[in-house]
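In what follows, a single structure is set out as structure tokens and then discussed.
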Amino acid sequence: MNKLLAVGLICLSLVATTLTGQKAEQLVRNIQADFKKIERYTADLNISFDIPYIKIDPVKGKVYFKQPNLFKVKTEGIAFMPKQNPFYLMELISDPESYVCIDGGSETTPGSIIRIIQLVPKDHEELILAKLWVDAKGNRIQKTLLTTKTNGTIEIKYIYDNNPVIKLPTSMIFGIEVGKFKIPKMMSADLNSRTKQTTSTPSLTQGKIRLNFSNYKLNQDFNEKVFNQ
Amino acid sequence: MMYALIRTELYKIAKRPRSYIGFVAILLIVFIIEFALFIDGASYIEFIFQQLESFLSIEGKVLNGYLVCFIILQTLIIQMPLLVALVTGDVISGEAANGTLRLLLTRPVSRTEVVMAKYIAGSFYVLLLLLLLGALALGGSLLLFGEGDLIILKSETIIVLKSNDVLWRFYAAFGIAFLSLSVVSSFSLMLSCFTDNSIGPIILTMAVIVIFTIIGSFDLPLFDHIKPFLFTSYMIVWRNMFDQPVDWGIMQTSILILILHIILFLGVSIYYFNRKDIHT
Amino acid sequence: MDSGMVEISQLSKTYQDVPAVDHLDLIIPQNCIYGFLGPNGAGKSTTLRMLLSLISPDQGTIKVFGKDLKNHRKEILSGIGSIIEKPDFYLYLSGIDNLNLLSRLSGMRPDPKRMADVLELVGLSNRGNHKVATYSHGMKQRLGIAQAIIHNPRLIILDEPTTGLDPNGILELRQLILNLKLDGKTVILSSHILSEIELIADHLVIMNKGKAMVQGNVHTLLNDQELVVLMETDNPELAKEKIHLYWPSIFIQTISTTELQCQAPKELISEINKVLVESGIKIYSVYYKRKLEDYFFKLTGN
């Protein structure tokens, strides 16, 4: 009797998982379908930084995108960008056969339900794991946590406005881990400085890079040579 | 008579072959650095940022005229004072050794006027050196490498300054560099008053600057007590013009201390020189 | 003391407890050629350097042109031209450049004609544009004289000005100094060549060990002394006997087998000569040994 009950429960959970996994996968496909409608786009960019050890004012620029994963940021001055390409995710979900989708449950926020979905790539050059927080109502990704082979893990938060036409984010906030770096002493501009350097900050710490997008131009031609520069 | 004295001193500096060593040295150093960075700057930048680039990627034109100029100025921290001392170190002792000091002092000129004229002429020489440096390091670099944001590397911090916020900082830095080198000029002139040996004050000035700079580079607690009293500690304050934001408190204090050093060295020079017996 | 162009009073300078100048009192009259004499270390250079404010005295006063040197230094120096010890110039500049530079510092406006005149006077007209580094010692000496006089000073101090000059140059310099005096200037001449001083100086001081041993008008000083005469004869011993026969008090000494030296008033010398000739002694030459030399050696103990 007990054995029967156990087997029954296991079968029930498998079915439930398969059913909910299918629901998660559908969500991902919906997102991919929406994204696929945008063949290319450009937008104006304003990048602001909150990175330990780095003092830099906001930088203006322009972003260029072309399917499936061509992405280029051109800035008016020096800017620091995450090493990871955020569009690895979109590249991954463009082919449903290239990943396994696992439902990670959900969170409830005022006005929406956030589904947590994990995507395990079967064979991606860089991506090891992608965890998504998806607004099920609007079919929009709220947050991702991407684990890559060579560049570690990066968290990306997405902020949207209420534009029903452009479902692209108005802001992307990259959370990165920054370690203390050493500059060759002779290059250091505080060689022989009388002011002491404070060394109380931990060696590895969190930083943020915020990309604010505006003036989206969807599916309009631009010079693709920009991706080679 | 001051005008005649200053004019005379400038004429002597202009006619002396040694005066041109500084200009040639600056020309060579700047040319070598600019050429090297022009050829191999990209890989040099890559080497410098390799640790940072494990966390972030850097977009934009890092290697530009402003960065090259900054690198050149950093390189010349030691060299410039030595080049100045080479000319200003024997303005009095050299004339004593050559016998021309008595020629000068038997003219109707006061000894105070002689000291001040030599200092002013020396300062003019410093100004010319800096103008050349500015033209080559800043002007030449901008021509070769173009404009861009300036990335300042400190040992544990990076500062990025917008390109439209950089030029005035360089002008101010050159102004402070002029003040710093004037301290060197007045110091070497002071040493020159104490001896009739031509080369001694030059070597002594160079030695003092090198030793003080070495002490300033060591982070030892004992040296931390000494550093505030070393004038070389304030000579590098031109770099603070590239902080964000600029600490105007430190700048004002350092500028004041440099000016006080000039007044002190000149004061001692005038006092001693007025009482010195000329035996050569 | 009467006032003069230069008045030195109780001037002293000591180096490491050794007095280089020891309470010196001196008056240098106007419009004269004043000889400064003394052995090495007598204090001549130190005195002249103090006069030019190159050295500050330990005590005493110096007045020039009636003004105290300490309080009117610039004004006084504008009226003085000098060469002290060897002439040193800016070797990397030409002779003309050096003169222009120095005359400008003396308050003189650039005057090409004056420059040309002075260069001609010292015999450097064709070398003025050459760097001083190419000059011989004699040429530098001439340039030194040029820089001392170019700004038309009232007082000229020349320390060993004939060093390095050839006989022609010495002659020219002598004439120049005499002309300067004729122009109303005062010249202080320090020299080891006593004959030069004796020839042209009006006044002199002989210094020794920081003190003035004697000072005054040259002729007055030297005329008090007897002439020293050197005679070259075929028989000095016989000549000595003959002289002593007539003038037992005259000091005579035989110097060599052919020369004798005697010291006698000027008016007696021709008489002595006559007696010797009439005695059959052959006189080959008679010449006066410089009185100043003897006087100098007597005073300085050399």
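Note that the chains are named A, B and C in the order they appear, and that numbering of residues resets to 1 at the start of each chain.
Convention: a contact is a pair of C-beta atoms (placed from the backbone, for glycine too) under 8 Å apart; a residue touches a chain by one contact, two chains touch by 3 or more.
Keep in mind it's a predicted model, so treat the numbers as computed, not measured.
*Asks:* Please identify the chain with the largest separation between its CA centroid and the CA centroid of subunit C.
*Replies:* Relative to subunit C, the chain with the farthest C-alpha centre is A.
*Asks:* Kindly work out which chain lies most centrally, taking the average of its C-alpha atoms as its position.
*Replies:* Of all chains shown, the one whose C-alpha centroid lies nearest the global centroid is B.
*Asks:* Taking each chain's centre as the mean of its CA atoms, how far is subunit B from subunit C in angstrom?
*Replies:* Centre-to-centre distance between subunit B and subunit C: 52 Å.
*Asks:* Distance-wise, how many Å sit between the C-alpha centres of subunit A and subunit C, to the nearest whole number?
*Replies:* 102
*Asks:* Please work out the Cα centroid separation of subunit A and subunit B, and write it as a whole number of Å.
*Replies:* 50
*Asks:* Write out the stretch or stretches of subunit A touching subunit B in their complex.
*Replies:* Per the touch definition, subunit A meets subunit B at residues 51, 53-57, 59, 61, 73-83, 176-195, 197, 199.
*Asks:* Within their complex, state which residues of subunit C touch subunit B.
*Replies:* 49, 52-56, 73-78, 80, 82, 84-86, 88-93, 97, 101-102, 104-107, 147
*Asks:* Would you mind writing out the residues of subunit B in touch with subunit A in their complex?
*Replies:* The contact residues of subunit B facing subunit A are 47-48, 51-62, 70-71, 74, 77, 148-149, 151-160, 162-163, 213, 216-217, 227-228, 232-233, 236, 239, 242, 244, 250.
*Asks:* Looking at the complex, which residues from subunit B come into contact with subunit C?
*Replies:* Subunit B residues touching subunit C: 1, 4-5, 7-8, 11-12, 15-17, 98-100, 102-110, 275, 277-279.
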